[in-house]
Amino acid sequence: MTSSNPSTTPAPEAPLTSVAVLGARGRMGVEVCKAVDAAEDLELVAMVEGSEWLFNVADGGAQVAVDFTRPESVMENIRFCIDQGIHCVVGTSGFDEEKIATVREWLAPKPELGVLIAPNFGIGAVLLMRFAAEAARFFPSVEIVEMHHPDKVDAPSGTAARTAQVIGQARRAAGMGSAPDATRDDASLPGARGAEVDGVPVHAVRLAGLVAHQEVLMGATGETLTLRHDSYDRASFMPGVLLAVREIQRRPGLTIGIDGLLGL
Amino acid sequence: MTSSNPSTTPAPEAPLTSVAVLGARGRMGVEVCKAVDAAEDLELVAMVEGSEWLFNVADGGAQVAVDFTRPESVMENIRFCIDQGIHCVVGTSGFDEEKIATVREWLAPKPELGVLIAPNFGIGAVLLMRFAAEAARFFPSVEIVEMHHPDKVDAPSGTAARTAQVIGQARRAAGMGSAPDATRDDASLPGARGAEVDGVPVHAVRLAGLVAHQEVLMGATGETLTLRHDSYDRASFMPGVLLAVREIQRRPGLTIGIDGLLGL
Amino acid sequence: MTSSNPSTTPAPEAPLTSVAVLGARGRMGVEVCKAVDAAEDLELVAMVEGSEWLFNVADGGAQVAVDFTRPESVMENIRFCIDQGIHCVVGTSGFDEEKIATVREWLAPKPELGVLIAPNFGIGAVLLMRFAAEAARFFPSVEIVEMHHPDKVDAPSGTAARTAQVIGQARRAAGMGSAPDATRDDASLPGARGAEVDGVPVHAVRLAGLVAHQEVLMGATGETLTLRHDSYDRASFMPGVLLAVREIQRRPGLTIGIDGLLGL
Amino acid sequence: MTSSNPSTTPAPEAPLTSVAVLGARGRMGVEVCKAVDAAEDLELVAMVEGSEWLFNVADGGAQVAVDFTRPESVMENIRFCIDQGIHCVVGTSGFDEEKIATVREWLAPKPELGVLIAPNFGIGAVLLMRFAAEAARFFPSVEIVEMHHPDKVDAPSGTAARTAQVIGQARRAAGMGSAPDATRDDASLPGARGAEVDGVPVHAVRLAGLVAHQEVLMGATGETLTLRHDSYDRASFMPGVLLAVREIQRRPGLTIGIDGLLGL
C-alpha cells in the first residue's frame, strides 16, 4: 500500500468494484454515493431509493450493495442481494438475534458470499472501544463522559453504553472488583455520579454547539489515561464503509461490526 | 503592582508584616507557615496549635493572624485577635449567617481592623467562577464536570455547586430560560444527565490518580467555551492566602471571599 | 428565535430595524442574511453583491448595513453609507491605522451615526481573549495551543497571535518577567517550544477533522487554569454580528471590536 | 493490596519472592522499597545504597534485584547479580546498543536467568504508545503535544520523541505519506508548527503547576482521536516495576521494555 490513506486507495492496477447504494437519498446514503464516486477503485453502478425497482442493482452488475435504508425494508434487500449473488454491507439499524440468524441461514447455501452488518462504521469510535477494553484491566478506576448536541433524545448514547459494556466485560474477565469510590449518599445529590452501565459510571453532557464526542477516563495511583473521540461530520463514517465494501468480497459468511476488518 | 508575581513579591523596601499561624500543624497550616516563611515581606512570629497559649500570638507582636483550625475553635480565636487588635485571615470552614453576623458585631467598635473569611483561597478556582458567571448569559447551554480522587465523600464538590449557583444566578439575572435539552425519560438512564444545581447539570467523576479538577462547558450555535481548573497541590492555595495577609491590613471591616482582592 | 439568549433578543414591542447586507453571496454574507432573516426584530431590506447598484441599500430604507465584502471595496461602501446616514457593521478584513483614521474623519460631521469594525465577531473568542488578559497576572506561566484544519496557510492563527499580544500586554502592565523555563538549547529540538509572540509561546496544530480551536494554558504553583474555545461553524459568528447590528444604533462614532458591546 | 488489579496481585498461596533494591535511597528507589514492602507476595530482603556492600543482596537471599542506581554503577551491579544467579529489573538510564550486547553475553551461559531493562515503567505511557502505533494508519494527520513542569531541560520529552518514532514507523509500514499541511513559510512564525520527529510534529509546553502529560492527536475527515496520559506522581511507575519483578522470574534472557509483559 502506497498512499496516505491505505483504507481508501488501493493499488491502481486493481479492477474496479461495482457498487450499488440502497437508500441513496437518505442522509447516510448521500454520503456513501459521494464517497464511492470519489474512490478510484470503486464504481457507482446503481442508486436506489424507496420504491424504486431493486433490479437496477442486479442489472447494473453490482458486486457489492451498501444498504442504509430502514428496518422495515432491509431484510428484503438482503434477501434479494443474496439471491442475486451480491455481497452486502449493511448500516441500517434494528438488527436483533432473530434477524441475524435469518441472514445466516440465507447465506448458508452461498459459501462464497459475504454480508457485513455494523452498528457503527466510525473507525475512531471502534478503535476507542477496543483500546478502552485493552487498557481496562490496568486501571482500577474508569468512567465515561459522552457529550452531544442538545437534540439527542437518549442518554447515555448507544456508543457510550456499548463502550461501558466492553469495559465492564474486560474488568470481569480480569477478576476486577468495583472501582474505589467513597461517595456517601448523605453527602451527594441524585445523579451526580452518573448512570451506571455494567459497573461503569457514564455521564451525558448535552450542549449547543457540540456534535458527538466521547471520553473514557481511566485512573490508577498517580496517573490517568484518557481516550477521546470527536466526531464532527457524517463523512467520518465513510472510510469505514469503503473499507467494508473492499473487504467483504474476501470475507464470505456473516460479519458483525468492522472491528475484524481493522487488522488490529 | 510591579513585580513578576504580585501576590508573592512586593517591593523590597516595604516593612515586614508580622504573621501568626493558628492551626500551624494542620495540613493547611503547615503550608501557610512555609509560604509565610518564604515570603520576603512577611515574618512568621508565632505558630500555634491546639491547646497552646494563644497569647504567643500577641506576645509575638503579630499584625495578622491566619486561622486554619476547626469550626469549634475559630470563633474564640477571632474574638481574641479582635480584642488584641490583630487582623485575621480565616480559612477554617463552617461559617453560617449567624457566625458571620457575630464577627461583624465584634468588629464594629474597631473600625481600623480587618477580618477576611474565605471558603476557598485558590485564585484559579475563584477566577474560573468569576469568568463562568460573566460568560453565562452568552451561552444557552452550560454544564459542569468536576473530577476528584475517589476518597471524596461528597458529590458534587462544594466548589462545583457554588460555581453552578453563580452561573444560575447570572442566567436568571439575564432572563434566560432553561438550556435546550431533548433528552426523553423513556430513552435515558437515571443519573445520566447529572445532578441539577440551580438549573445547571453537574457531573461528578471519581478517579484514582486525580486530585481536584473542574470544567465548565458552555455552548452556543457552532461554538463552545470551556473553562477548566486543575488543582494538584495544597500549595496552590498559598498565593491566595498571602494576598489576603497583605491586603487585609488596608481593608477594615469584614470581607467574605478573596474575589474582591483580585482587582478584577 | 427563542428567548434563551437575552443578549440577542430584545423586547417584542421594539420596532423592526432595517438591515442591508453587502457581500450577500459570500460565505459570511450568506450566513448574515439567514441570521437577519431569522431575527424577529430585524428586517432584511437589501442584499447587495459585487457590482450591484449600491443605491438599493438606500432605496430599501436600510438603517444598518453589514459589510462582509473585500478590502478593495469596503472603504467605498462605508463612505456611501455614511453619506446616506446608514449605520455600518463591518467584518471585512484589511483595516490599518490609516483606513481607520479615514473612517473617523468621515464620521466627524455626523455625530449621530455609528460604524463598528471588528476583526472577529465570535463572542466566545472575544470572551476567551478577555479572560486570558484578566487572569494573566496571577499565573507566572502561560502558553497557547491553537488547533486548526490542515488547509490553513498561516501559523499561528491571527486570533492566537492577538490573544498572545493581549496576554503579553497584561503581563507587562503587571510588571511580570518571563515565564519560568529551564529548557536548554543543547537538549531540545528547534521548534519544540513553539513560536514566541510577545513573550508567549504559541503552538499551532494542523489536523484533518478539526475546524478552529484555541487553548490558553496558565500555570502557577500547584494549579493550572485552561481556557478553551472551539469554533465548529461560521454560524457561531452570527450572535456577535446581530449584537453589533442592534447596538450600533445607539453607539455613535467609531467602535473597534465587539468587546465593548458585551457589557463585561 | 486489594484484588482490584489482577495483573499485580497473584494467588495468595504463591510463595514470597525475595527482592533486593539497589539505589534504595534514590527518589525512585525509595518508592520501590515502599511498593515491594506493601506487596503481599514480595519480601524486601535488602536495600543497598552507594558504596554499601553488594553482598548483602546475595546474603539476603534475593531472587530478584531492582536497580535504580546510576549509569556508572549499573553494569557492575548487573554483572554481580548474574554471577550470583539473581534476576534483574533495571530502570537505570543510559543503555546503548553496546551495553545491551554486553548484558546479553553475560546472560548466555545462564539460560534460566532473566534481566529486564526498561526506559519507562509507566503502564499508562506504554499503553498510550502502543495504541498510538495501532491507530496511526487510520488517520492521515497526527501530532503530539507534551506538557511538563518548567524545570525540565529537554524538549520534547524522551517519551514524546519515542512516541513520535513508533507512530512514524507505523505510518511508513502502512505506506502513508506526510500529513496534509497547507502552512506557508511566508505566513508563519518559526517554531509555530513544532519540532518534527520522524515526520510527526511535536509541541512541548512548559508550565508551572504541571507534572508530566502527553497528548497524541490523530485526525481524519470529520473525526479526531485523542490519546492522553497524565502522570502526577512517581508512584505511578510502581505497578510496572512490580509487574516486572513478578514476570522476570519466568522470562529467561534479556527483555527490553515492559510492553511484552502486558499481555496485549
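For clarity, chains are labelled A, B, C and D in written order, and residue numbers in each chain start from 1.
In this text, contacts are C-beta pairs under 8 Å (C-beta built on N, C-alpha and C of every residue); 3 or more make two chains touch, one makes a residue touch a chain.
Computed from a predicted structure; not experimentally measured.
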Per mean C-alpha coordinates, the chain lying farthest from chain B is A
Same or different: at the chain A/chain D interface, is the fraction of residue numbers used by both copies above or below half? same
Roughly how far is chain A from chain B, going centre to centre by Cα mean, in whole Å? 46
CA centroids of chain B and chain D: separation to the nearest Å works out as 39
Rounded to the nearest Å, the gap separating the Cα centres of chain B and chain C is 34
Provide the list of chain B residues touching at least two other chains, using ranges where the numbers run on. 139-140, 179-180, 209, 218, 220-224, 230, 232, 236
Interfacial residue positions of chain B with respect to chain A in the complex: 139-143, 145, 147, 150-156, 179-184, 187-197, 201-210, 217-224
Touching chain A in the complex, chain C uses residues 209, 211, 230, 232, 236
Interface residues, chain A side, partner chain D - complex: 1-7, 122-124, 127-128, 131, 134-135, 137-140, 174-180, 218, 220-239, 262, 264
